[in-house]
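Handing you a structure now.
Naming follows writing order (A, B, C and D), and every chain is counted from residue 1.
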């Protein structure tokens, strides 16, 4: 059952790439029966933080969707380092690290305030999808916006 | 922000390790605004499939929780290969690949029936947590059950 | 802050109206920190059961969406009578009770198998939404299909 | 299949009862395939707003759970009046209206800022559950805290 994909290291590395913060507070319905935030919820948070990142560089989600672009997750790697508990304040830092032809790689860290302990750390690969539902070249205006930060 | 953990390759490799199947059908509320299953939902499916796996070897979730054991996800890697859409039948195969002192690694594949195309593929590391909320040695009876399959 | 809407009792009462069953098993991620199914999850189940109902009378969700129709929930009433717990088998019965110009009312019951105890009971009002995102007359073919059952 | 429960109108009506606000912004993963917030998500919001209300009068969730108390939803009524869309700011007002022996009724309104349009309005009945998982008399300290506001 082994078919680990090679995520290309080609493409343009953003130097240093914009770093965008977004914060959330752990909510009651995000807990599972172990009394901590369920590991799938961190993916929700990271997703929202990515949309906040695009918005921060000038592309609010409505603008992205309005052009018929989709942004699909094709790979996630998450290390969970510390439980998150009800009422805790979480700060998520997102950095776009590399932009390839139709995909980009991001590094995201969820920190527990105030101690700045790492709750979870993710590497995510996104593919840009055109109106015909196939991968498309990431638009130049997106590339430029990410470089400007 | 880089601190990729090394997941130990030590421990006992299960040969071949039990392979357990669980099926689900894509539901309306699992779709996001792109009209496909949101990538966090696959983690829900894989979680349920792991519980089904423990149940299949004799440890239903209620029995695990009843002893005060927790099973925490400390790492996931997921490759998303094909969108999953409303009403599609998904079959998830779970194999426990390696058992270490307090952690185990699993390989999970979500297939779209009937073509058997891979929807998503995951590698997951779990840590066994004792009643005092610290990692504990994975109980011998769990190890034995997994070997028997 | 009081503005209770009057849901019209006008319209055509379906006699007796089709009764459609759909079953699910309680999954790990549906539990909250009280160790039982979170009350919002029942709404997910009822939603899926409604789509199964439309499918049972000839309108799979893809067909509904493909015509640009939306089906929006404008009112729910749910009485929760019994906790649902991990691994329990739940059977949901859905009956369309009344069809008005652009809305319809349904009665849904979630039962715990095998004892047939009521887990939750819902009354739901849906509005049919046209491609211009305004309420539209419920199409004649839907009315006919619901009468035929 | 009809068994509409009568929610008792007995008990002490709080005059006027504390009004607590909590705000949230619509997130990407809260949308469904109709591109608006799924109706089950409003229940998540209202739940979180109730916990914020208990916290505002001196009972943070951890304190409630730490005493072995559970707070179960036994009835919800929600009227959905306006779609909520990505990025919109939502303000939720919660008022405890009536306290009975072991249950209480709340009125909750979700407003779209800045126009203060009503997105959804809920009436919720909660039952206080003791450590033996049976309904218990709502503790005097909770009653007093709610009266003080």
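FYI, contacts are C-beta pairs under 8 Å (C-beta built on N, C-alpha and C of every residue); 3 or more make two chains touch, one makes a residue touch a chain.
Quick caveat: nothing in here was measured; it's all calculated off a predicted structure.
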Next on the checklist: If more than half of the interface residue numbers appear on both sides, call it same; otherwise different. Which is it for chain A and chain D?
Outcome noted: same
Item to check | Pair joined by more contacting C-beta pairs (A-B or B-C) | outcome: A-B
Checklist entry - Rounded to the nearest whole Å, what is the centre-to-centre distance of chain A and chain C, using the mean of the C-alpha atoms as each centre? => result 34
Checklist entry - Can you give the whole-Å distance between the Cα centres of chain B and chain C? => result 31
Checklist entry - How many angstrom between the C-alpha centroids of chain B and chain A? => result 22
Checklist outcome for this item: Within chain D, the set of residues that touch 2 or more other chains is 28-29, 33, 35, 38, 40, 44, 47, 65, 86
Item to check | Parts of chain B lying in touch with chain C, wherever the complex brings them together | outcome: 27-29, 44, 47-48, 51, 55, 60-62, 65, 86-87
Checklist entry - In their shared complex, at which residues does chain D touch chain B? => result 28-29, 31-33, 35, 38, 40, 86
Item to check | chain B residues within the chain A interface of the complex | outcome: 1-5, 33-34, 38-41, 43-44, 47, 65, 70, 72-81, 83, 93, 95, 107, 109, 118, 121
